[in-house]
Amino acid sequence: MRFFSDNAAPVHPKVMQAIADANQVDTAYDGDRLSAQLDARFSELFGCDVAVLWVATGTAANCLALTSLCQPHQGIICHREAHIEVDECGAPGFYTGGAKLMLVDGEGAKVAPETVRDLLGNIRDDVHQVQAAALSITNATEYGLVYTPHEVAALSALCKRQGLGLHMDGARFANAVASLGRHPADVSVHAGVDVLSFGFAKNGGMGAEALVYFDPGQAAAARYRRKRAGHLQSKGRFLAAQLLVMLDDDLWLENARAANAAAKIIADAAPKRLMHKVQANEIFIRLTADEAASLREQGFDFYDWGEGAARLVTSWHHTEKDVTPLAAAITAL
Amino acid sequence: MRFFSDNAAPVHPKVMQAIADANQVDTAYDGDRLSAQLDARFSELFGCDVAVLWVATGTAANCLALTSLCQPHQGIICHREAHIEVDECGAPGFYTGGAKLMLVDGEGAKVAPETVRDLLGNIRDDVHQVQAAALSITNATEYGLVYTPHEVAALSALCKRQGLGLHMDGARFANAVASLGRHPADVSVHAGVDVLSFGFAKNGGMGAEALVYFDPGQAAAARYRRKRAGHLQSKGRFLAAQLLVMLDDDLWLENARAANAAAKIIADAAPKRLMHKVQANEIFIRLTADEAASLREQGFDFYDWGEGAARLVTSWHHTEKDVTPLAAAITAL
Amino acid sequence: MRFFSDNAAPVHPKVMQAIADANQVDTAYDGDRLSAQLDARFSELFGCDVAVLWVATGTAANCLALTSLCQPHQGIICHREAHIEVDECGAPGFYTGGAKLMLVDGEGAKVAPETVRDLLGNIRDDVHQVQAAALSITNATEYGLVYTPHEVAALSALCKRQGLGLHMDGARFANAVASLGRHPADVSVHAGVDVLSFGFAKNGGMGAEALVYFDPGQAAAARYRRKRAGHLQSKGRFLAAQLLVMLDDDLWLENARAANAAAKIIADAAPKRLMHKVQANEIFIRLTADEAASLREQGFDFYDWGEGAARLVTSWHHTEKDVTPLAAAITAL
Amino acid sequence: MRFFSDNAAPVHPKVMQAIADANQVDTAYDGDRLSAQLDARFSELFGCDVAVLWVATGTAANCLALTSLCQPHQGIICHREAHIEVDECGAPGFYTGGAKLMLVDGEGAKVAPETVRDLLGNIRDDVHQVQAAALSITNATEYGLVYTPHEVAALSALCKRQGLGLHMDGARFANAVASLGRHPADVSVHAGVDVLSFGFAKNGGMGAEALVYFDPGQAAAARYRRKRAGHLQSKGRFLAAQLLVMLDDDLWLENARAANAAAKIIADAAPKRLMHKVQANEIFIRLTADEAASLREQGFDFYDWGEGAARLVTSWHHTEKDVTPLAAAITAL
């Protein structure tokens, strides 16, 4: 049983079916019937007018979002371990034309208002230094922690005061929402997020993310930038289909709950090994090399996280039955 | 019956099946079993060592190819009506960091050595003018014309003499090869092409193109640039699956032959209306507004091409039975 | 006597003196006493509030101006022979992050509203094509023609209707104003120009141009971009000094008048050879290779302009006495 | 007496004279007689073949150097307080097309091989992470410390092993060489530096730096990039003149020695206040707000360096007579 990435999980059968159903002659690019429904369906979900673009990857979603909030000569504040800083091969620099990522620290890859305030306080207000234009936070974070609506609102209030836009990298937004048990709007638009990368690929999708603009007017330029980045797929109906079926009966939420529940079972089996609270679908545990080898011998696959640590990620398809043996194996170490 | 774009056609059932079959737990990104087969399978096809990257769109394939051949301060020669110039929203400028497209004319969007030589002759050899580093040609062209191996070789010889790289935008490479009845290597690597955007999306695929490096060493940097452009999909196995099934039993060629054959039936019905020879799967015909309206009333959809003209595109799924009524309707006008 | 470029002319003695006078301990970058006077002095000149940045070159001025008017995914309309297209080694692509130059034709490198309208009419209003955001015109043009206030206003009116910004490359703005005998505001801000590259280097300066924002609010971002482009010189007082002394007693106008007068003497000597009207300080004449050789033997230096043609440029330091022999020599050919 | 920046110092009289002498009709851009001498004169200085470009600013020199060593998708290692990271408004991001600065720590802004090795060791060798292509060090550092030839060679050896280029930001290279009492080649080309930004503006120049390529072949592309960045001044003879006169009789070294000697006098007066060793022309001292106010009342100007600290910079024009009163005033605090 593999726990090394939610990207490695299979696509949910309903998504596969929706893709099969979308295979009809239709208009190319985003002119098809399915893409045309995105704005309305996501507006319904969030309870406000939004504009939505499909893109194939979280990196594309994040970086297009950043270009909406930041000019090339400006900067974007993010956590030192944010995906945009660590795992996207410099994509933000490419998309923004060389804007600067400005790094803050924080437990569990969470950004706090104080650290942002400190960073801003250290930027001289002169043309020799890059001035910040946006803050990007990740929910759930790279370590599986979840920002509450209240925490996001505190960051957003600071952003408003400082003239910064607020982007949320929601590669695991569904897991965060499921974890919080709150309405998705509560931790996004109501909390002051301007643009959301709403991830589906890690949550049972095949290759489609929703780039959600809570100010729909900002989406117009993004549509050009999407094309210019080579992300306007000619058969966009297959991406739209994935997003739409995910919204049907809240499949996105159901999948995320399943993943979170599986993570909880594992976490509960190893309370003393946990390096971070488990609030979503990622579990970081201390594990010696011998212990890791033992688990692997028993058929459990995961990601080493430096020396003496491991990352396990659960996904929509991990059932209680799947994870119970792993939990038992960890307990037995 | 729709003839306005091969992008609007459905995905071939074998491709759909291959996608369904690929839905297993596997390694993320391009670490999966299917992606791992690409180099070998395409090397077999071309009869030489190649390195291949999947990407979702032709724009991404073209632009990544151009970054391999051209530094930001250099230029890329292409036809004035090339897709990279006209239809990609400035993507080459984005990907290359502002390299210049240098435009030449030519009947049917074909580039001839003389026009390239003239253009090069008009560039002053000083730092005030952008110097060309590459030539990009499209086969089949935007007007459905096909470069022969001999024609490509003549361009390639010029490129070699002038120190230019040669890129082929093969969004409809399959149609060109089918039209020529030659081995795919004859019109690419043997004719001196350095990098080929080998299109599958217009030819029955869903969302996967092959970026083929005939000098495999050039692909290493391209893999970083693909990631950086947000084109390294996390479930890349679904793109690899599309390319692999297309190579099985030469499905790509079979599909292209079907599309070309359908185009020929239409072309043969309207010899006097043809604006360009029909060598692949695009037909450009003179058509008055009334005639266009009449065809549309009869249920035929297509693309207006300025005043008094229309573009019709056939695809893999157009059978003789599908196009015969259109041919008859055009004859009857 | 050299007539091949106004860039090759010496620096005016008053400018040299102003540079010498500026050599005191002062604040670095643009924090010095001289730089601080620029906005007020140019505002006085134009009779309205402007913000002014010094930069060392016309290319930097032009390109910074373009970044104020155009996002990376947009386009800038200019003449096919504009300096930004032909002679800046792709600098606009670099500065704008890959925005597209959209070329129009026109006699003597002049842009007319009709050609702009035609170009705009040919851009499809969809994301596949770059949309224009600005028009850049050169006054005087690359062929020494001068736009009248009326002509600029006609272009500006079109720009306003179409939502385009208007930039004027005024590398020889002084010559244009001198030629028109009008107030500098008449052919710039009153005629609807948004940003002006006001050239001094070709007009007796050493290495300073004024980037003039008629909407002062736009200059704030440009100050960051200037720094980011490496154009915020640490001893900016020497650039400011050049601009300020040029404004004293209208030295800029006096110099341009001298250059234009010298050009007129030459033009009057060769009415039948003229390829373009001579309205500023450039003279394009038909000249056989033998004639060119003969002139050169007599000590006159100039620039060949393709086969059978030559470009002669006069400058502030060419007196009647200097050019009369050249005029006579041309007449005598 | 002002000690807040060597940029605020006057231009050396010999440089002013050389500028005055250069004011003749000559070829434009870098085609003039003076620019033509640069390669030979600097080759003589360094005792090996070098290619040299003048540019107006250190930022331009640094960033052009970086583009020679680093592709857009790669990274450049530098100190967390390096000028390119902290004081150039993101210019490296602009020039390189979004390459990443990778930061290391180190006392006094010095980079040590171990920190570079650690950083490299933490980069995963996969396409998700930016790979380093170059190291940039500053000599003298932002805190006035000097790398010895041995220290540079150790870094260079590491670079060679790792395939990294080595750039030296020598805005105060002259001060470093003067401090070391070694040949300039010893701490640059012989120590393995690939490209050197050799500063003159802070050392008595007006607005000219030398970008020195120890591999002359790399300079060809840089000449295009210089033009493209708007840094090819039309009257380049005035920049060349500055560099040439600086080499005459080693004026650059004489000036740097004077600045260093002045700094030493101040440093010797305040041994207990020093925050860093004083090896070049910068002095960082602990100073309370009251003490700072007191010095300022006595007519000494300097830069506050956060709370309780100050930066004083000496320049070529500070004589013993100038600095002795400051030294006394500090002692008397």
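Every chain is named by a letter (A, B, C and D) in the order it is written, and numbering of its residues begins at 1.
FYI, contacts are C-beta pairs under 8 Å (C-beta built on N, C-alpha and C of every residue); 3 or more make two chains touch, one makes a residue touch a chain.
Values in this document were obtained by computation on a predicted structure and should not be read as measured data.
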{"item": "Any chain in contact with chain A as well as chain B", "value": "C, D"}
{"item": "Maximum centroid distance from chain B, chain identifier (CA atoms)", "value": "D"}
{"item": "CA centroid of chain B to CA centroid of chain C, Å", "value": "42"}
{"item": "Inter-chain centre distance, chain B versus chain D - centres from mean C-alpha coordinates, in Å", "value": "49"}
{"item": "For chain C, residues contacting two or more additional chains", "value": "29, 72-73, 88-90, 94-95, 97, 127-128, 224, 227-228, 232"}
{"item": "Residues of chain A defined as touching chain B within the complex", "value": "2, 5, 7-11, 16, 19-20, 23-29, 55-61, 63, 88-91, 94-95, 201-202, 206-207, 224, 227-235, 238-239"}
{"item": "For the chain D and chain A complex, residues of the former touching the latter", "value": "72-73, 75, 86-90, 92-100, 127-130"}
{"item": "Contact footprint of chain D on chain B as seen in their complex", "value": "29, 71-74, 97, 127-128, 131, 221, 223-228, 232"}
